[in-house]
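In the two complexes below, chain A is the common chain; its partner is chain B in one and chain C in the other.
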Partner chain A sequence: MAKHKTPMLDDLEKGPWPSFVSDIKQQAEKGKQVLKDAPDDLLGVMELSYEDRVTHWKHGGIVGVFGYGGGVIGRYCDQPEKFPGVAHFHTMRVNQPASMFYKTDFLIGLCDLWEKYGSGLTNMHGSTGDIILLGTITDNLEPMFYDMTHELNQDLGGSGSNLRTPNCCVGRARCEWSCYDTQEACYQFTMEYQDELHRPAFPYKFKFKFDGCPNGCVASIARADMSVIGAWKDDIRIDQSAVQAYAGGELKPNGGAHSGKDWGKFDIMREVVDLCPTGCMWWDGKKLTIDNRECSRCMHCLNVMPRALRIGTETGASVLFGAKAPILEGAQMSTLTVPFMPMEPPYQELKDLIEKVWDWWMEEGKNRERLGELIQRDTWQKFLQIIEMEPDPRMVDEPRSNPYIFWREEEVEGGWTRDINEYRKKHQR
Partner chain B sequence: MTDEEAKKAILDSLGEKSGAKTKFYLKDFYKILPDMKPRDVKNIVNRMVGEGLLEYWSSGSTTLIGLKGAGKQHKEED
Partner chain C sequence: MPYDPSDPLKDRITDIGPRYYKEFFPPVIEKNYGKWLYHEILEPGVLVHVSETGDEVYTVRVGAARLLSIEFLREICEVADKHCGGYLRFTTRNNIEFMVDDKAKVKPLMDDLKARKFAAGSNKFPIGGTGAGVTNIVHTQGWVHCHTPAIDASGIVKAVMDGVYDDFGKMRLPAQVRISLACCLNMCGAVHCSDIAILGIHRKPPMIDHEYIDKLCELPLAIAACPTAAIKPAKTEGGLKTLEVKAERCMFCGNCYTMCAAMPLADEQGSGVAILVGGKISNRVSKPKFSKVVIPFIANEPPRWPGTVEAVKNILDVYAKDAKKYERIGDWAERIGWERFFEKTNIPFSHHLIDDYRFAYTTWRQSTQFKF
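Presenting the complex of A and B:
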């Protein structure tokens, strides 16, 4: 029997999708969690929020585990008498394993632990990628943290003005398009920057994300202050007989992903060649030709014909900076900064780059200003000086939106001073 | 400036401000110690948290830092 009447939430269970309301009810009924009333009271306070149309959560607090400045987010309910089970309902963010690979016994261990110390409710995963453990009290934070780190060998993730938990796509573990080992990179950067991850050092949050190729399965280009996106330097490898097999209908395009409906016969011209955004492909009925110099690595042709086309062999990554969701300014994608960088452990080149960026942002960034906003405010040119890179036409978004790079005095022969008399000999007033 | 002097400067400065504001951005600490590198100030502040002199307050998205025990939250929610 439910503790609170929740007609509006019950309504949410009626749709065709799995429902979080049903999940919370299931946990309430199971009742193995140490905070007995948490799931029921969570439903109750949510129903009240729907009625009142305002939140009943208070934001933030002084909670955490010893030595860490992130990973725990304080949540208190402003109706503690009505809903004592969620009076304190702190969230723990747990660093997910790279690419979110789990063994069943690990998941069982984690769930058991969370029932021992918390509400039993989890959110797999938060948008940064962390395992989110929803709802516990301050006194249970340290014992939970101790058991999790000692029994499961798992650490907290980032929150607050920290480096956030690095995140990567499935990469070479399963994907033939991965231009570098995203899991290894994600792991190495997580280990190298433990201090930045756990101890607040920045004006605001900072995110790394590692995509193995431009398909961008972790959407690094839209979400990460530093996006690392796999790229290759040489040519797309073409198996002409497989191209013919696609053209002739023997191989299914997109690995058969669109076979549920009748889209008609596969047309290589209409579905591949004409859709190439840079117009760098030709098909003469027998042979596919690609002008690789013009290819922008959009992945379209490789996605449609994976058996025929493969990424090149000289692989690494492009590094981009500055993506973020709208807070101060509008949403922003990250901007191409280093077109190609080899990606082999220990990734020293990338580490040197990121440390220059941090030094600048820590000094110049305003409170709650993301890196992308600082670049916008202080100019891309300044950013390039900081990271000691020359401007490159590939960094210009599109013609005429930001094509101005100004000379600095030391770059001009003779600086800004001139002999006015010499000048007047050739130029009238 | 030695670490001890820097710590004292931080504690003195936050002490003076008490009454009004109790929580500060890390950047505010750079202003207390303008001659030190931000990275060094950060390290001192983090060490002071470890020693129990300062404490973090986090909204989940932003982190603020204050003198341990100062401010509203302690009275209301401990």
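Presenting the complex of A and C:
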């Protein structure tokens, strides 16, 4: 028997898409979670929100595990008498394995622990990538952390003004386009910066995301303060016989991604060559030619003809900085900073770069100022000085159109100190 | 030794990070790591990846609610144990992927997945989310767990996915459509580069809990948090320190409430949904783009948010009919022009949709190239 009447939520049990309401109910009925009433009371407080059309959660309090400043989000219900099972409902963020492959014994171990210490509810996964354990009480945080580290060899993720849990695409595990080993990079950067991840010392959050190619499956260009996106420098590898097979209709374009509608016969000119944003390819009816020097690696031709075209072999990554959501100065995407960097362990070049960036941001950044906002406030030119890089036309879409150049004194012949009296000898007042 | 509350630092383990990803690779993934040649979508939700070793891995992708119980997680593991040697993975868009190394294992897996339903009838494992279709919605916490939301998340996502369910399991669209939801402007879900974004917004300035604000908040931090300098110090009649909000300068970002719990914004009538379209992450053909606001407000309508669901379906259907193959929603809108976008989708254009924040001028049309 459900503890609360939830007619509005019950309506969300209908329809074909998996119902989170049905799932919470099955946990309430069958689950052995230690916080027995948590699923029922969560449904209760949600139903109340559906009636009131506002949330019933309070600002988080400062809760956590000893020695860490992140990884736990405090959460309290604003109707604790009605819903005691979720009166305290703190979240634990658990650092997911790179690209989120799992062995079931690990997940079952995690379920066992969350049954022992929590609500029995999770998010797989949170927006940044962590496994989210949704809802427990303060007293259970330490024992949960202790058992998780001892039994599962597993640590918490980031929250607050620290390095957030890094994330990556599926990479070389199951993709033909990954220009570097995104999982290994994600893992190594996570391990190298454990202190920054667990102990908030930054002005605000900082995110790393590792995309293997410009398709950007982990959305690094929109969501990461440091976006590492795979790139190759040499030629796209072409299998001309496979190109002919696509052109002749023997192979399905785009891996069969458009099979739900009849788009007519595949036309390599219209669908590949004419859509190339740099116009760097030609098809003479038999042979595809690419002027690789003019290619900007948009991925379209590779996406359409994956069996015919492959990324080059001189691979690495482009590094971009500064993406963030709108709060506060408006949304930003990351700006191209290092056009190409080889990406081999131990990734020293990238580590040296990020540490310079952090030193500057920690010194100059205001409270709750993301890196992208600091770069805007203090100029791209200043950012280049900090990271000791030379300006490059690839960093801009176009040169400035206003001529208000902040010349530096040392750039101007004779400097800025002049004598007005000398001037007046030649120019009357 | 179990945890000892009297000595919490005894035998403490910290800073060990996540498990090493390779521990969790199925054998076929481990063996062919970095050797994949190409892939194909055999049918919606079913992929094959082919390696230069000749090995193949078949993936069945299923949608899932982001909020999962451990009862359900155990069932997911049971499926993986039964069919996939005890391995599975999740995607960045909250899908679950079951992988097998032999084509003969695909059908039994799919049959099993299709047969599993929740008690009230919804599918546990809808197969799809590939290619030129709608994949799972990434979203935030909403009324399940967050203190700043303008809207719920899980409920709207469920209602919208029910509404576009056919397009999760079909690939009839010109290109992939990424729908995302963030329950406030903080955008834990970063919806600002999505084909269709469902965003929670507020429309009433914060209330001020005058009797308590000085005890609950650092007033200067709340003042500094305001991007439009709309907040200034004030005194109550009783002489208590408090704040005052110049309402006409408020852009309802909620940043003050993030800094100060005594300034709540959320409201039954004031808070609701804004719809943004045309963003993308990928560099394919055109550059990554921001999503643009095309519907400034739709009221919260629990439990099924019909206005929001209809708005999403309308945009999706017009796009499906009108766009060229490979065109993302943003590419299509730019090619036909935004005036045509509003005409074709029959969405009213209002003053709310013209930018008046920073860099607004860069979005105004400075040319005579427009369409009648």
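In the analysis below, the second predicted complex is superposed on the first by the 400 of 429 C-alpha atoms of A that agree within 3 Å, B and C clash if a C-alpha of one lies under 4 Å from a C-alpha of the other, contacts with A are read in each partner's own complex, and residues count from 1 in each chain.
To be clear about the criterion, a contact is a pair of C-beta atoms (placed from the backbone, for glycine too) under 8 Å apart; a residue touches a chain by one contact, two chains touch by 3 or more.
Predicted, not measured: the structure shown is a model, and the values here were computed from it.
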item: Side-by-side fit of chain B and chain C on chain A, or clash; value: fit
item: Touched partner set for A:T313, first chain B, second chain C, both or neither; value: neither
item: Which superposed partner A:D23 touches (first chain B, second chain C, both, neither); value: second
item: Partner chain(s) touched by A:E363 [first = chain B, second = chain C, both, neither]; value: first
item: Vertex chain A, arms to chain B and chain C (CA centres, degrees, nearest 10); value: 100
item: Chain B versus chain C as contact partner of A:G67, first or second or both or neither; value: both
item: Contacts of A:Q385 with chain B and chain C, given as first, second, both or neither; value: neither
item: First, second, both or neither for A:P143, with chain B first and chain C second; value: second
item: Most chain A residues touched (candidates chain B, chain C); value: C
item: Partner chain in contact with A:T278 - chain B first, chain C second, else both or neither; value: neither
item: First (chain B), second (chain C), both or neither touched by A:Y204; value: first
item: Partner chain in contact with A:T104 - chain B first, chain C second, else both or neither; value: second
item: Least C-alpha distance (whole Å) that remains between chain C and chain B when both complexes are overlaid; value: 5
item: Doubly contacted chain A residues - partners chain C and chain B; value: 59-60, 67, 91, 195, 367-368
item: Contact set on chain A toward chain B in their complex; value: 59-64, 67, 69-70, 72-74, 76, 91, 159-162, 195, 199-205, 359, 362-363, 365-368
item: Residues of chain B touching chain A in the complex; value: 25-27, 30, 38-39, 42, 46, 49-50, 55-63, 65, 73-74, 77
